[in-house]
Amino acid sequence: MNMSLELLLATPFIGGLLTYIGGKVHRWVRNIFAVLFSLLTLGEMSLFYNTTFKGDVWGSLFGSKLILQTNPITWLFLLIVTSISLLVIVFSVDDMKHEEDHIVLDSYYMQLLFVEGAMIGIVLAGDLITFFMFWEIMSWTSYFLIVHGGKKSMDAGYKYIIMSIIGAYAMFVAIAMIYSKAHSLVYPDVALVLSQSSPTFTIWIIILLGVGFFVKAAVMPLHTWLPDAHSEAPSPVSPLLSGVLIKMGAYGLFIIFYGLMSANLAKNIMPSIFSTPVLLYIVQWLAALSIVLATFLAIMQEDAKRLLAYSSISQIGYVVLGLATGTSLGVAGGLFHALNHAIFKSLLFLAVGAVIYRTGTRNLSDLGGLVKKMPFTFVALVVGIIALAGVPPLNGFVSKWMIYEALLQKKEVFLLIMAFVGSTGAFLYVYRLVHSIFLGQLSQKHENVKDVPILMQIPMWVLVIATVIYGIFPGLAMDVIVKGMKMFGFAPIAYNLYGFPQGSTMGALKVINIASVLMISFVVAWIFFLLFSKSRKVSQYDNYAAGQVVTPELKYNYSFGFYMSFGRVIKPIFKISIERIYNYWVDAAKIFGDYYMRRVYTGNLETYNSYIVIVVTIAAAAVLLGGKIW
Amino acid sequence: MVKMILIAIGAPLVAFAIGLSFMMIKRKIVARIQRRYGPTIIQPIYDVLKLLVKEDNISHGVIFSLGPIIAIAGSILAVFFIPMAGFSMLTGSGDLIALLYIMAIGSLGMALGAGDSANPNASIGISRALTLMFGYDLPLVIIVISVALQYHTTNLSDIVAAQANGNWTLWTLPLSAIVGFVVTYGALGEHPFDIVTAPHEVATGPMVEYGGKHLGFLMISHAFHIYIEIALFVDLFLGGASNILIFYLKMFAVFFIMIMFDEVLPRFKIDDAVRFYWKWPTVVALISLIIVLVK
Amino acid sequence: MIYYLGSFLLIAIGLYAIIIKKNLIKILIGLNLAASGVNLLIVSIGYIKNGTAPIFSKIGINPSAMVDPIPQALTLTAIVIDASELALAVAFVVLLYRHYGTLDIKKIRSLKW
Amino acid sequence: MVNLANPILLIAIPLLFVFLIAFSSAFSKSIAKYLPIFAFGLNVVIAIMIIPDVLKNGLVIATTAGFKPPIAIDMVVDRLSLFLAIIASLLGFVVSIYNVFYIDEEPEEKFYALFTLLVAGVIWMIITGDLFNLFVAFEVTSIAAFGLVGFHRDKGAVEAGFKYLVMGSIGGSFLLVGVIMLYAATGTLNIVDIAQKSAELTFQQKFLAYALIFTGLGIEGALFPLNAWLPDAHPAAPSSVSSILSGIMTTAAIYAIFRITNTIFDYNQIYFFLMFFALLTLIFGEVAAFFQKDIKRMLAYSTIGQTGLFFFAFTLHSTNGLQGAFMQIINHSLSKSMLFLIVGGMIMQVGSRNIDDFAGVGRKMKVSAFFLAVGMFSLMGLPPFFGFWSKLKIIFAALQQTNILMVASVVIILLMSVVEGAYFFKLLQAMFFGKPKQDREIKEASLGMLTAVVVLGLILLFVSFYPTPIIDFTHQAASDLMNKNYINLALKLGGL
């Protein structure tokens, strides 16, 4: 197996260019190229499945080697990146058909592949320059994807790119600080330097790098770009953003916490709370706050994609929470949840995208009753929400369970409570999603809606199957994760294909039993149900309405402000808006800048001339005073 | 093997029987509290049977019909995870944390079915049910964590075993037990938390469109539900039981006290219910949790 | 010494005119005054009292008594530059007057900020 | 056999062509259009021919009129100045092509003469080894620039031209006084010679002159607060001229400050003082650019910001810092000139300089817009474009000592980069995804103009994806400068 990592990295970029050129020939050439190259990338990636470690030097810059490397953890993220990208591209073929301007569409596919390539680059990076370079490439290419979504997406994209740049530059400072000490940015060298430098330095590095990753991972309070960007982006892009892109932040956190700075080091340089280094403990709290607050916000949304976007903030909170525990189980849970979230959140966004494709709206209160018209999409969405809510036996449950157990082992009970609350809150918003779109009254204008074309269904099928498989056989993912974590010095976790055996401090989990018993009881109940007389199917207007007759014109459905009464309970929380605080400061800075600029460049020649004279005078005076001024 | 199969078939039946018996007793007791004679004690059985064999029943679609089925399937699944008088079939396949989620399967299935009925009353009812669930979940989680920490395990069988010899959690963690008791009200939708199905407001809420065998199934599912919630309470706080009779008696004691309070309380508005749960039970549960932590 | 003083005075007056005066023409005069001051300064640097021109026009001139030739060359160049600059400036003033109808620099502020 | 690889030819040829252009109108109207292309084409060839010599010896000195330095005026080409000269010639060449299709206003031959003079002056400023010569080059450049800024002769152009003229003249006077003071103190005008002889001067003697020279060059080099002319002049000038002004002229002035400071006034404290200016320039440039409504004015302010950035890198006074500065200069020269050229083409189509009117232009002028995006990304320092490498280098160099001052500077730089990103992305966004406002038919710029843009763009892309030679070259140039190789070699080769 002599696949080179450079080739893997180059494939999507070359593919992107070829796709763009192919678009000049015919749109099908373009579509086939796009699918083919993402498939090729996936294939190349899969060759590294058994690779425990592989590193290639692909260049050098300023005396630091540029390295590409892979190990099982990167493989896990590569899997997320390449597979979701492929599915998104397949989904795009039909979903983006409405765009007439085919240049825009050509560049759209090119950017999709570029984003994929950039993310592969981030994951494969074996040094911080490579990492940072692809990080930035990812930021701007994904920006272009976001703004494909129309008028409102421009503001969202703008906010996204500005916050990304800020985050990236925070990382930049940290990287430069490391470079000044190490003169090399290869991970092992960096780790060595961090282990030898002063605690203050190390903590600063972690904070600065962390800010960059937090922005991308949308951990509160740096999340404000996400709800807009993810909801305004075109439907096929949202899964890529929500499922994959924010995982890069999680991957970055994993790298700094456990790649660049081993857990021991963290413990040595700072006090610990609940046997967690204080910095990680703060990270955990931020993640937990993200979980709870984003859940509350998601419950109150009226827009399907916005709801999912907030849910992403909340779910990424679990990932970060798990990663920051520092125990084998917690980190494994976090990594596994990253994979699971990628799967089910992509599934949900694709399902909602399918609904938007057919109905043209994503406003929850405009939809309803589509289960009869789009049964397949309904199944996909239901599987997605079950996984998201963390209900067994689907995949979201297993990873959340691992995180809970890890927190319980460490006795971090308050975090555990918050994580739980977020999860229960998820029941509320996922039910809202499925109820408002698929259940309830079918409105007249959606009478002729059909299920989506086959090309859009295939990605959803794949994800549905993946959701079930990873749910019932968590061992499949744990193989990779545990193997990878061993390289980062974690104790192995006892696991088997179906779950986790009983440990000394943790409970057991065997998802296959849960699943099979559930299936059996379901079948039994169903047979029992069929024993009795057959039901008579009635129209949706044959309904109890306190004696009134329900007619098609009447909107006889409760879907707006679904959780209004709950909204009253959590109203005090919404009085504080982080975004408003940011906007306030940005506005203040703008006014300040404007005010002073106007006073400098007055347009008056005399003023300008006097500047010159003043500078000369000051400089001359400084010299005549013997340079004492400085 | 044969024993396993027997338990597998028997456990749900026993659970159903216990739940149904409570439903029967409840009506009688309530009637007596209200100085009524009340229906005959086997009235609920009549009700269920009548509904099940009813020839004319309507359906709003597949999902509508699936709702009650999933509700029962989920309930049966949960029954296997709760140690019942020494039998615990699946506690090795999922612990307390998993159980909390497993218990939700039935309710969510039911919610799906009810939502398909396109009746606003049903939707409002579900909205309230989920909100209420969110409300009582917070204190519930806290007390579950307290208990798990107390016994250093999340395995329910181990928790029961640790309470052998009368060393009940009720005595060691009285505050948690009280909160658990209050939470059980919400979980069962009893007074004062019955706004979900309030007949005069939302015409029995999620059940509004259900009739015939569907409604019969829902009543069966409710019987399971009563069993699950109270059995969980008994296992967590009253040390479970080694034989089915003692188990039943403990459950009955809990249920009887519940009904006693039940009928004298007014009904909470839904947001008040959530506020209530997030206020006192949560605070008390937290105090209890901190006690465990410090200990 | 007096030359230095004089040249610096000229430069100062020029700068004063440039900064304080509102009239375009006066500003140009100020510019030119300053330029003249600079030229004077250059020449005075190379000046030697009772020196001769740096040309071997007849035999017997003491090279050390010659004034430094380089500053003079520089001055010539500088004067040429000043002249061309002034010409351009005057052209601009004419155009400005056409566009704005005024020579007051305070009023010529369409470009600012 | 005349050795064509002579630095003097770099100036002589364009100056010759200036006269040719001025006289050409007597024969044919249109010939003037094409002469600058030949001039700078030849220049590029000659500059490239000098490369081997410079690489071999590190320095090439050419003297005039058969005298030997320090008496004679000499042209000194080392790695740094050669590479700036190449950029200047190249830009001159490319922009000349652009001009042919861009300038349609009379008097054309005067425009071409002035344009050629401008670029010649810039090259002169870069390769001269003599302070007074520097002043002359400075004035030649300035006068050409004054004329070109006012070329349109409309209200704004005249005003901008006049203001620029007044400020430039003051700057010239200060520069001259400074030069003369040095001459008075040392009796020589050759930079290297001054560096030798000024060792025994007192601090005041030396640095009073420096203060004046710095102010004079700082006006041209757009250092805050001496740069008030720039945001007026760049938008008012024809875009091709803005491209030269922005791309290489300010850079040349900054280069002169580099050279003089590094050769003659190489004191640590002075760099600290300069850093202050650099950061102020950066802040004011970028912040002001953010508020602009006029696209060219925005780019002009952005030039100020970029100048601040590479001037900052220069004041770091380390090999890495200098290397970063040089890389940033390449980046800025190529990108910013390209941007001005593209914007010039777009303004022709849109008929306005207001940013709001540019909405949706990117969809009509695809090639232009693509290279516009490339240029902007490079300026912002987004990978994989060249600006990323240079910004990386600058920040790495700045944080070589992690003291609080440096960290604060870096924070300022990066914050300003965010501001830069903010306005560039605002423009790009409107351009690519905005809804076009007017019904005006917008076509792609003419092929000739595009050629110029594409040439620059491809060069930029090439160095972006294959930066190694540039990195090596600039590293060598930077270490030459730091090791005082300039002085040593000039002494050895020039026979001083």
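A, B, C and D label the chains in the order they appear, each numbered from 1.
The working rule: a residue touches a chain if its C-beta (ideal position, glycine included) is under 8 Å from a C-beta of that chain, and two chains touch if they have at least 3 such contacts.
A quick note: this is a predicted structure, and the numbers were derived from the prediction, not measured.
Interface comparison, A-D against A-C: more C-beta pairs in contact at A-D. Measuring from the average of all protein CA coordinates, the nearest chain centre is that of A.
One finds 43 Å separating the Cα centroids of subunit A and subunit D.
Between the Cα centres of subunit A and subunit C there is a gap of 68 Å.
Centre-to-centre separation between subunit B and subunit C, using Cα means, comes to 100 Å. With each centre defined as the average position of its C-alpha atoms, the distance from subunit C to subunit D rounds to 28 Å. For subunit D, residues touching at least two other chains, in rising order: 162-163, 166, 170, 231-232, 288, 291. Within subunit C, contacts with two or more other chains are made by residues 15, 18, 27, 108, 110-111, 113. Annotation for subunit A: residues touching 2 or more other chains are 597, 601, 603, 605, 609. Of all possible chain pairs, the ones that touch are A-B, A-C, A-D, C-D. Of all residues in subunit D, only 132, 135-136, 139, 142-143, 146-147, 150, 153-156, 158-163, 165-166, 169-170, 172-173, 176-177, 180, 183-184, 189, 231-232, 236, 288, 291 touch subunit C in the complex they form.
Within the complex, the subunit A residues that touch subunit C are 597-598, 601-606, 609-610, 613.
Of all residues in subunit C, only 15, 18-20, 22, 27, 105-106, 108-113 touch subunit A in the complex they form.
Interface residues of subunit A, counted against subunit B in their complex, comprise 368-369, 371-372, 378, 382, 386, 389-392, 397, 401, 404-405, 408, 411, 413, 416-417, 420-421, 423-425, 427-428, 431, 434-435, 439-442, 499, 502, 505-511, 513-514, 517-518, 521-522, 524-526, 529, 532-533, 535-538, 540, 542-546, 556-559, 562-563, 565-566, 568-569.
Against subunit D, in their complex, subunit C makes its touches with residues 11, 15, 18, 24, 27, 31, 34-35, 38, 41-42, 45, 70-71, 74, 77-78, 81, 84-85, 88-89, 92-93, 95-96, 99-100, 108, 110-111, 113.
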